[in-house]
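Alright, structures below, take your time with them.
Look at the two complexes coming up: subunit A is in both, with subunit B in one and subunit C in the other.
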Partner chain A sequence: MALDTDARSLESELEDSGHARRAQAGGAAARLGAWVKQPGPLLGGPLMLFLALGFVGPLLLVAAFSLIPPKTFDLSGGWTTQNYVDIVTESYWISFAWSFGLAAVTVVCLLAVCYPLAYAMTKVFGRAASLLTLLLVIPLFVSENIRLFGWVLSLVKGGVLPGAADLWLGIDISGLLYTVPAIVLGLVYVYLPFMLFPMVLGLSMVPDRLREAAIDLGASRWQLFREVELPLAMPGILIGCLLTFILALGSLAESKILGGSVVVMIADDIESAFTFAQNWPKGAALSVLLMVLAGGLIFAVLSRLDLDKILGRG
Partner chain B sequence: MSAMSTSRPMKWLLAVWIGTVLVFLYLPMAAIALASFSRQRYFRFPIPRFDTRWYEDAFTSLSVRDLLWTSLTVAAIVTVISVVLAFLGALAFARYDWKGRSVYQKLLLLPIFFPQAVLGLALLLWYSALGIPTSWMTAVFAHLVWILPIATLVISIQVYGFNPAWEEAARDLGASRWQVFREVTLPILWPGIFSGALFSFLLSWGNFPLSLFTTGADSTIPEWLYSKMVSGYTPLVPTLGTLTVVGAALLLLGAYTVIMLVRRSRQARATAEG
Partner chain C sequence: MDMAAPRETQSESPILRLQSVDKLFGDFVAVERVDLDIREGEFFTIVGPSGSGKTTLIRMLVGMDKPSGGDILLRGRRINDVPANKRPTCMVFQSLALFPHKSVGQNIEFPLKIRGVPPAERRERAEQLLRQLHLPLDYHRKPVGQCSGGEQQRVALARALAFDPEILFFDEPLSAIDYRLRKALEKELKDIHRETGKTFVYITHSLEEAMVMSDRIAIMRGGRIVQVGTPDEIYNRPRNRFVSEFMGEVNVIEVERAGERLRDTATGTELVGPHLPEGFRHGFLVVRPETFRFLDGAGGAATPNRLEGTLYNEYSLGSRLQYQVRVGASVFLVEKLREQRYLGQLDDRVTIGWDPAEAMLFEE
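And then the complex of A and B:
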């Protein structure tokens, strides 16, 4: 672990030699060689190599597949943009619209649900925070479809909630399952931790002293929220929104299990293009569109954030 | 101290809200547990008769044993590989300053944000193009693509709190590199590595969208449950579902206890020495 001092001496060596031999050929290669020998690239190397093979490679392949003729299965048949033309002219915009709409509604619901929760965890019930965190984390590790199936049992006709409502209140609420609100419920349910924990991280970046000072200076509860807490917690909240929006955008199980077939979301279209319809190029093109839209959003938000500051609380 | 700006009714409201959210989170699991104890083949609430025969079926079934074995093998291998790579990756993420680090940090986060179902399909395409037959081993690889970045992030949070001066001090006192690593770096980063391992295991254990497309003829528990939910419901679905929930909860509670015990014994040692 003496790597960092080695790297420092290497860097200074590099600087010296860089001044002396800037004009020489091979300088770039030497710099690359020295860069690779730093602890950062050395330690992160295996991980990057893995992700190049397991993430970048497959995505490039999907991009290539999106440009071959429809319903073909190899890359030797020439290139075409036919799949994209098909997508635009057919009614796929409906599934895109549903996905974006449902994702937006999910994010709004999660903001309302999670903010008081995150606030309570960081600023009010500090002592119980670790137990609360544990209780909130456990569901995350239970397979998503098992939990959604639990909602099916809860909402289905004769299930827990309609059964209880009928038994104790005498009202009939048997039509809950297989509706759009049921899908939103599932999305909010599954992605709750992904909003909550970034938010907790963000709110814990608000120093208590600053809040006290604001109150001493006569700030109202609303002013405290708007002028102090919200701006300082914003990076965490933004990450939470981004994370849940993207995850909801690409979700598959919620609309399938809780929505029956009332709504087709985009991941559903992609899956059926790959499996049922055996039209890989179209599935690939739909994936590329989803990736581009999601990727643009991710980069737009991430480029505004300083990860060191959020994670290291520095 | 920090509670000073919160009034009493506000506190009550927040407590009620926490309770509501917890009920919301655990209601579906309670429903599954209820269904698993119902004697009926099809679930109705209130439950007319309770029975544990589905558990007997689950414990004696050979196919359940196969599923369990596949899920465990995948999760265990994922955990081992992920801890090693993510530990190194986290040092590069948070410990060292180097050119290109901020790009590295952001690229590493991309797979986490990526829709898993689409990632699973992309990997299926990738395997078929490379001529690799899909089995539980390709599922291990697929899980790692998604879990490695998460484990790296989890360990990084611990690494951010690490002071490099401690390593330097140990080296100045004559420790070898290996000694510094074993006696200083590892013990301090241990809680992060531990939670990284826990996350890796549990996320692989519960993963469905990636497994769905990458296990080939093999099947993990979440996959099997899904196929039975969609067609051919059997009461083994809630039974096996309950067992996986209980398993995950026990593992987490066990880990939580271990962390608490270690922390307490460290504190005791520190006060005894100080």
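And then the complex of A and C:
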């Protein structure tokens, strides 16, 4: 009890001195100065400044450009929504549809490819898993474009795969390159680590003892997956899905290099608006639209899934 | 302990029989030729220090590991190769292994859901178990992470009971719990055992815990079963020095034969032991601290075993007091009830002794 009272009087004393200090300082400027001197803002300051200049600034600039008349470069000339009207009335929805569609297909393929691999890396391979990780990481040191051209050499008519198939199996698969499946292959290949590693992380969060407990309580392999492994690995899987979806949505090289001109993705449209067509306002408007759509989708997914609840901290 | 007696005679054929069960990991023998009969409805505890093979043994009994040799028979049926999810037994884990993404109710209902029991029926059973384990009914919706340690213990037990196993195994579930709560949960577990009438097989490293709860105890050491018996048998007739030391603090005197008597190998003092077995040459005399007496001049003259030493320290054990008496290089522990406490001072010269019949003599 005595300790309690002491603590309380100490608290009120502190409060009193706090009041006094605030009164002494006075004024908004002084308060801001005091705030900046706290360790949080002080240490976070440089990064905040960098983000403001390098991330928020350009985004706002893009948003501003999307609202000036088409084919102008002057931000001081009055605002218009003409660019957005143009986009809606023209056939850009096709590019949007291709991008969203291919991104979705990529995520689904990656889920199917990565789950068994991630499971094996966490539970089956043991020490060999780190070697596999290394093998999967090494290609990241090579430029994406170079790796994609490697696929071109593999898939092109008379290339490695069709040539081999023709020679040894007598099958003609020369039409592989410049097709939609070739693009999906490229997307799945390039973004594999971005799905795999979050998934490995997610699966490694499922303790073995929970697996044993579930089996001991009668769970079959499938019930174990449904009831224990999947829900507990879900945070990692979701992060992988979001990462790869966003990356695939903004991808450009895969459709250009492996798809030829069979498909125009939205990033392709944005690039040509900024470069070839010299229509910055339209490129900016397309970019804003893509960000809003992607952001909205992610928000919708995340708001329906409570990460805390998935992690059992709810 | 008379109460335990009818339970023992309940059934002639054991629910679980182990026949010469071995488990090898490479060259390492974790469990060696274990024979055990566990009877229907009994609370059977396997006790052993860490590394004695008790966890390996229980993992084979629940089906998480396969024996390298021997047979495990459940009601006469060989179950060596039956996987854990096909066995009518389950286990309460040391870590409890509650599912963190499920509520208390979902955890308890898990085995029922696995079996395809309809939700309403599951819920009813879960609430019944919550009541049985003295948990509030509104805990059904509570995330397990928000429950206290003791509550999580109860949820784990409720989940195992929901499975309705023929044998319920426990892998040291109370070892990480603080003393007072552990004592309460031990008693509660024994109550649950009476209420359900199920066969409980419990493993622990604490013989004290085993004594409180068990109908019978098996003591393991180095992968082998050293002794099986009721708590009374284990306490009164330990088979060897290891078991007697495992019971708690004891005084061990290394002795050799000297005619019909014994000689303390450290000091050369002649001692009178209990009945000497045929061909005894060398062994250990174990004297429990509570069998020691302080001998004052007159009364102690009749006691043949006497040691003279210095009273070095006094420890309070609550209702009892423990004294450390130093005799030469050896240290002996003497325990007395509080009302029989020694009235002298530290550093007093004291004589301690014991009745020959109360000491235990072991060859190993």
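What we mean here is this: the second predicted complex is superposed on the first by the 253 of 314 C-alpha atoms of A that agree within 3 Å, B and C clash if a C-alpha of one lies under 4 Å from a C-alpha of the other, contacts with A are read in each partner's own complex, and residues count from 1 in each chain.
The rule is simple: contacts are C-beta pairs under 8 Å (C-beta built on N, C-alpha and C of every residue); 3 or more make two chains touch, one makes a residue touch a chain.
Because the structure is a prediction, the values reported are computed rather than measured.
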* Asked: Which partner, once the models are overlaid, touches more of subunit A's residues, subunit C or subunit B?
  -> B
* **First, second, both or neither for A:Ile146, with subunit B first and subunit C second** => first
* Does subunit B (first) or subunit C (second) touch A:Glu212, or do both, or does neither? -> both
* Does subunit B (first) or subunit C (second) touch A:Gln223, or do both, or does neither? -> second
* Would you check which partner chain A:Phe55 touches, where first means subunit B only, second means subunit C only, and both and neither mean what they say? => first
* Asked: Looking at the overlay, does A:Val262 come into contact with subunit B only (first), subunit C only (second), both, or neither?
  -> neither
* Asked: A:Pro231 contacts which: subunit B (first), subunit C (second), both, neither?
  -> second
* After superposition on the shared chain, which partner residues are touched by A:Leu32: those of subunit B (first), subunit C (second), both, or neither? -> neither
* Can A:Leu249 be said to touch subunit B (first), subunit C (second), both, or neither? -> first
* Determine where on subunit A the residues touched by subunit B overlap those touched by subunit C, and list them. => 212, 215, 311-314
* Sort out for me which residues of subunit C touch subunit A in the complex. => 62-64, 83-85, 90-91, 93, 95, 97, 99-102, 110-111, 113-115, 143-145, 159-160, 163
* For subunit A, which residues count as touching subunit C in their complex? -> 207, 209-210, 212-220, 223, 227-228, 231-232, 309-314
* Complex contact set, residues of subunit B against subunit A -> 1-6, 11, 13-15, 17-18, 21-22, 24-32, 34-35, 43-46, 85-86, 88-89, 91-102, 104-119, 121-126, 129, 141-142, 144-145, 148-149, 152-153, 156-157, 160-161, 164, 167, 171, 177, 180-181, 185, 202-203, 205-209, 221-222, 225-226, 229-230, 237-238, 241, 244-245, 248-249, 252-253, 256
* Asked: Where on subunit A is subunit B touching in the complex?
  -> 1-4, 7, 35, 38-44, 46-48, 50-51, 54-55, 57-59, 61-62, 65, 113, 116-117, 119-120, 123-126, 132, 134-154, 156, 158-160, 162-164, 167, 189, 192, 208, 211-212, 215, 224, 242-243, 246-247, 249-253, 256-257, 267, 270-271, 274, 280, 283-284, 287, 290-291, 294-295, 298, 302, 307-308, 311-314
